[in-house]
Amino acid sequence: MNATVSFLGDMLQTISERGRRLLALGPRDADGDDMEALCDTLLSSRGEASGMALARDILERWQGYDAAARRTFMRMLLERFGPQTKLVEKAIEAYRSMPGPKALHDLHKAAEPRRQELIRRLNLAPDGTAMLVRMRETLLALKRAEPDLEPVDSDFAHLFGSWFNRGFLMLKPINWSTPADILEKIIRYEAVHHIGGWDELRRRLAPEDRRCFAFFHPQLVDDPLVFVEVALTREMPAGISELLREDRATIRPAAATTAVFYSISNCQAGLRGISFGNFLIKQVVEDLRRELPGLQNFVTLSPVPGFAEWLAEERRAEASSLLTEADRDRLALLDRPGWETQADTVAEIRPAITAAAAWYFLKARGGDGRVVDPVARFHLGNGARLERINFPGDNAPGALRQAHGLMVNYLYKLDDIETNHEAFIGRGEVVAAAAIRRLVPAERATAGAARREAAGKTRADEEASS
Amino acid sequence: MNATVSFLGDMLQTISERGRRLLALGPRDADGDDMEALCDTLLSSRGEASGMALARDILERWQGYDAAARRTFMRMLLERFGPQTKLVEKAIEAYRSMPGPKALHDLHKAAEPRRQELIRRLNLAPDGTAMLVRMRETLLALKRAEPDLEPVDSDFAHLFGSWFNRGFLMLKPINWSTPADILEKIIRYEAVHHIGGWDELRRRLAPEDRRCFAFFHPQLVDDPLVFVEVALTREMPAGISELLREDRATIRPAAATTAVFYSISNCQAGLRGISFGNFLIKQVVEDLRRELPGLQNFVTLSPVPGFAEWLAEERRAEASSLLTEADRDRLALLDRPGWETQADTVAEIRPAITAAAAWYFLKARGGDGRVVDPVARFHLGNGARLERINFPGDNAPGALRQAHGLMVNYLYKLDDIETNHEAFIGRGEVVAAAAIRRLVPAERATAGAARREAAGKTRADEEASS
Amino acid sequence: MNATVSFLGDMLQTISERGRRLLALGPRDADGDDMEALCDTLLSSRGEASGMALARDILERWQGYDAAARRTFMRMLLERFGPQTKLVEKAIEAYRSMPGPKALHDLHKAAEPRRQELIRRLNLAPDGTAMLVRMRETLLALKRAEPDLEPVDSDFAHLFGSWFNRGFLMLKPINWSTPADILEKIIRYEAVHHIGGWDELRRRLAPEDRRCFAFFHPQLVDDPLVFVEVALTREMPAGISELLREDRATIRPAAATTAVFYSISNCQAGLRGISFGNFLIKQVVEDLRRELPGLQNFVTLSPVPGFAEWLAEERRAEASSLLTEADRDRLALLDRPGWETQADTVAEIRPAITAAAAWYFLKARGGDGRVVDPVARFHLGNGARLERINFPGDNAPGALRQAHGLMVNYLYKLDDIETNHEAFIGRGEVVAAAAIRRLVPAERATAGAARREAAGKTRADEEASS
Amino acid sequence: MNATVSFLGDMLQTISERGRRLLALGPRDADGDDMEALCDTLLSSRGEASGMALARDILERWQGYDAAARRTFMRMLLERFGPQTKLVEKAIEAYRSMPGPKALHDLHKAAEPRRQELIRRLNLAPDGTAMLVRMRETLLALKRAEPDLEPVDSDFAHLFGSWFNRGFLMLKPINWSTPADILEKIIRYEAVHHIGGWDELRRRLAPEDRRCFAFFHPQLVDDPLVFVEVALTREMPAGISELLREDRATIRPAAATTAVFYSISNCQAGLRGISFGNFLIKQVVEDLRRELPGLQNFVTLSPVPGFAEWLAEERRAEASSLLTEADRDRLALLDRPGWETQADTVAEIRPAITAAAAWYFLKARGGDGRVVDPVARFHLGNGARLERINFPGDNAPGALRQAHGLMVNYLYKLDDIETNHEAFIGRGEVVAAAAIRRLVPAERATAGAARREAAGKTRADEEASS
């Protein structure tokens, strides 16, 4: 791989220099006009002859840019590489005078921003796909301050949706004989349960009752898109420590009855919104079932990242359709540092907090009318069922902060996936185990509403929230 | 590969059947309504949960269709899966009342035919890409009789252009240790110089002074997209027989000075118009140059498929700006069967025919103002130079019929490619060796014009003509 | 592979030339003295520094040798590269004066021919293993005329036995996506049922109810050692044509109940006597059983190469313990050309010939007391059971000549393999189906004895005969 | 790999159990008689039918053995599985009555210990080669206390020499995209400069001016045999810290002039005495030269493990042909802890210690007449030249203890390798740079002699010492 790339590098170097002479460009002066000229050339017929070289030149310059120059570049894409308005006007006129498939097609074509073709041609460069993904990562950051960049982002997302179509992805197992440069990325990308180093990684990958799978794209050979970590167990776990602690007993895979998806992480910030996690889980379910016919249950052990914030608001609210005074008192124990280390305090809190959690999933809705919890939206949207609430499930500081240590299991049952998905997407119904439904306090009027702010997370199961 | 596919097959079978029950469909009744319902479902939110299974179901039905049903399907795509006109109208209004990037973006989106997303989702099916390519092959055939299907074809072409972006293609050498199932396809796809069987194939691939390269797509692992056959020689060849005859002497690759591209074939009829040949030649030039630093010349030995027809017309024309009476007399010898076997007849014809050929390339233009010969348009468009006219170069029946046995060499010189390309594409100038330019008879008024009908060829060097 | 080899080639070239200067050798004068000096040097301490280069030099010279020079070389190995007799004498003395493990060990070491270490060092050369295998092929041919070369052959065989230990072999499927250069060898090496070309090969490999497996050695990557062809069927076949005819119906592998090993061929004449076929069949049985749990029977369809000759002798014998006058009359029909095309003649012959065949397997023994038929010795020695006699089973000219068209099935039943093997090897008992045992005529005195000459065959199932 | 092994595992399980029934063995009673019976069976004809299963059974039992049982097993190999003395006697008689190649051959064969064939058949077991290598590791340890086991060890070594012939080894680069399970072994096997963990490993493998290469055997796919670490530099290094320190500057490989072999480690204790290091260095020299034509020098940076002990003895000796009183005084500074941290003390010691080192290499000889230093014997035996003495070169505790921090460079110059090797092996001459030869004090009588005890090291460059 590297040899090829570096050879092409040499070759393209030459072409790029010639290219620059042709364009009468100074050596890498990197000012906006130049860049616009280069992009125009790449879109011209000359771009057909020297596309690879020009594409590489542009991407290389871009990599050398500082934050300001990158912003300028993105605004240029917005303002100068949209569709040609004259052609759009003409196409509208033509459509109005004689509607029909042909006119619609011409209108669609006329309205296609020129930057779409530009991005396609930039992909000709060696390693172009990876660089374009990183380019969008920058764009997403810029978009927060300048939301009018949305059309540019939309064009990137449109093309990535096509290029990273699930039909082009390859599922690969990640294990202890995976190349180190990929494993290093697993350590870095893990977004749910932090991996403290190589020894910890080894404990998650090497034992025969642990599995990990990732999707790869043919153009990003050593960089995963999304991965999921799986534990093979004999029962549905109630907390993360029983899966991760060092001294746990290993079981034979053939003796396992349950596959637990305990961590799923997106790897490429630049691919935000291009959903893979859904396909990954279902594919892994199929592959594991085939390899280990003894597996009967496919469940997650999942965080509840929106819970603490929602509960705080609920507790602050003067009138809550949910909380009684007694509940409020018990939940007040959560404010005492170290409560999680005292068994009786935990026992005292439990009934109130699990009832609140049941409400949080089944009744509470955000300002947009959606289920509050992003991880819940992901799994329920995939057709999973909310199976069990575990308190406490994770005493790591982050989990305490976000969810008072609460974790839940979602159940993936192939035969019900479609029905569950329909219920959730079509009618907004949350499918949950009877035991959870019974936890919901007798109907009062819903007073509290919840909000959720997006954070910089890349957890794959939050994908559905964006 | 196969194991996976067949396993997925079993799995999807189950889902599909469940899918059909959900849709209350009879077992494969294959009528249009069903199909439309399935396609609508695939585009709906339910499609998100069961996309792979639905996609496979649709593609499988389609494969079972007869010609009439396939036509119905395509017309359905045209008529029912275009954009939603109400949304388009709204987007036009919005754009008119407040133009800008956002409105243009919304207009573009509204005008996107729903079949584009449908095709993207069909690609989720195992082997979906290959099946969609075959689907377009059918569509291209239908389009001849029903040209209003163009918008549907345009959507396929648009997506294929994105999916088969050169950035996603892999160059692989084809040789005698290539798997037989791929070699079998090389025999079948060869479109320029027929390969008569395995022994003949072996003579083209196994000797150390013969090379072959193909582009592959990651989703079509055992099916090449385009391939080129190369001979390593010590001089630019004047005819095909010196390259292909059985008793030729093999040379050591290190002793070769010249790489001859003597055959380039597109493999997938369904990818017509998605150009790879251009990239393939340039990449092979680079790779060979790197492997064999002794190589100084990169040339083709190419057919001239439009020549005989053009010449016939020229000879029929009462007034020709090209042909003198003497020329006409000499060219009349071409009408005698077997002229090519008589050395003196050939010698007599040669001056007139090579002068005519020079004119054909440099002066003659089609009704559309373009160079008449499709192969010439391909190589000149790539930035090659017309280097030499060889008469006779190929006495195979097809070559005699299409070009009176004439062949030409095009020269690929890396340093000139861009300039040549610009001259040809930008100003319509044909870059040719001085010796050829000198062959053009003193300027007379151009009287003859030429036409060219498209044939069912898949020769890659004709791609530029479409 | 090739790149490496050719690079090493260049490197070694240089060393070899320096080596020759050191040895003050003329350029490739190929006379015996030189060669002896080179071999001595390779065995000396200098050989440690330049072993690869010297080894290559020797093997290259050897390849350039004509038949006479090769014979000289082999005799040199016999006469000059045996053990050093003085050391042997000393070791015998030491052993006699003080026997024990140490003295035995020293004696063994002293008696080791120097050519064993020489062959080991020749193996250092690039591609050395392959060249040594070819060297032994020559040696085997020479040994027929000069049987005193046996000790040299024994040393080659000893080392090959170690190097080609089954623990080092890799089983690989051979199918239609196997590289063409390997398939070409399958065509060439097939020793049982001739493969007439690529189309015929395709029919044996491509259909889903056909399999082929080969053993490879890591040093002979593109050259199989032994391969077996398998048909998946629904019943035990009675003749070869039902397996090989062009218009047969293909069945789904999952529907197959029976795997038929219908051809097994050794590939490397130089590895004669190093047995792989035994391991190959058992491994393939295991692999197929695992892939296709529906398979219940593993049988061969085998030739009977010694039968016609044995029967001729029996018929010539004045007194036969086997044949009655009536039998003799019926068998005389075999002398009429074309008998196999007439159904009633065949029917008339059948009872006599199958009874004779039963006798041939169960009662007849060669001069050495062994079962006459080499293929029978191979399969019975592997622990298979003689299952059925088929007449006629193969009307190809060779099969008619060797066995009057008779074929048999041997049954491999994993649970009985060891018992059968013990019975055959330990007590000389042929395990056969009851129906065959019943065919043996009532006990008369065995009068006839059979002989068998070895031919130049490489059929793997004859291996046991040597 | 694993799938296959575990499948074979299941299969063999069955056979083994049947095997045990046949042998009427209790379940794993592991006493000596059983084991002897199993080994006899493996050598019998029954072993031909069930070799794989029996071999596996024996090796598995062996793995379950404790130290005492393993010793019993080895003594059994010595006492019961030698050659059959009757046959040896007969072969001696035959040889005496009629000497000649045939009789010598028969004698050699008769004297072959039965355990050689036993070991060959044990190699049939899945993973047999690896287990036999571990078996010899145990044997080597036992041999220290019971040197009469030497003949058994000699048989293992003989077979390993054949199986691990350089012709069967594969050179593979080790880098940051090597599978983690192999890298983990590199950390463990490193025997020269300790690797403190994954981050340190990364610094040795990932930078583009660092390389590592290992030999692998096809049967031990994920376990290297020997590896060498290489630094690409612009000059010959004088100390290890300039190569390993974290903050060093990386250079472009194309700018490097020198390849430094700074660590070479054997990995398999059970392969002691089977030499690979020699071949590895030469192969790596060739490969690097080919990849990086700018490399002009190939040198080591090597430890001097025998130096401190030898010097101590020299200093203790009343009369030294080497040390003057002034030298003794200066060298006494070495006895002060921390001397290496004081620049002026180091400067004061330097002249005396480098002169002593020059003497150590060029003049001092062990009781066996050989050069004292094992690492020196390895590189000089390979044909390298002693190029420079560096003081101090390594201040790690081990290096201070063994060599007072001294390191040396050996130079590998392809054109001189054979001459140097001849000089060293043939005439005992140490080839050294003139600057080192000049350091040797004017000739006095050699009084001191040195000894060296073998330690448990597996450094590959000590191999020559054994």
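Details
For reference, chains read A, B, C and D in written order, and residue numbers begin at 1 within each chain.
Please note the rule applied: a contact is a pair of C-beta atoms (placed from the backbone, for glycine too) under 8 Å apart; a residue touches a chain by one contact, two chains touch by 3 or more.
Labels paired with UniProt names: A, B, C, D = Malonyl-CoA decarboxylase.
These numbers come from a predicted model, not from an experiment.
Chains touching both chain A (Malonyl-CoA decarboxylase) and chain B (Malonyl-CoA decarboxylase): none.
Greatest Cα centroid separation from chain B (Malonyl-CoA decarboxylase): this falls to D. Chain A (Malonyl-CoA decarboxylase) and chain C (Malonyl-CoA decarboxylase) have CA centres that are 59 Å apart. Mean C-alpha position of chain A (Malonyl-CoA decarboxylase) lies 50 Å from that of chain D (Malonyl-CoA decarboxylase).
Note on chain placement: the centre of chain C (Malonyl-CoA decarboxylase) and the centre of chain D (Malonyl-CoA decarboxylase) lie 39 Å apart, centres being C-alpha means.
The set of chain D (Malonyl-CoA decarboxylase) residues touching two or more other chains is empty.
Interfaces, counted as pairs of touching chains, are A-B, A-D, B-C, C-D.
Across the complex, chain D (Malonyl-CoA decarboxylase) meets chain C (Malonyl-CoA decarboxylase) through its residues 7-8, 11, 18-19, 22, 45-46, 48-52, 78-79, 82-83, 85, 88, 92, 95, 99, 101-102, 104-105, 107-109, 111-113, 120, 123-125, 128-129, 148, 150-151, 154-155, 159, 161-163, 165-168, 170, 218-219, 278-279, 286, 290, 381-383, 415, 417-418, 421-422, 425-426.
By the touch criterion given at the top, residues 176-184, 197-198, 202, 206, 222 of chain D (Malonyl-CoA decarboxylase) touch chain A (Malonyl-CoA decarboxylase) in their complex.
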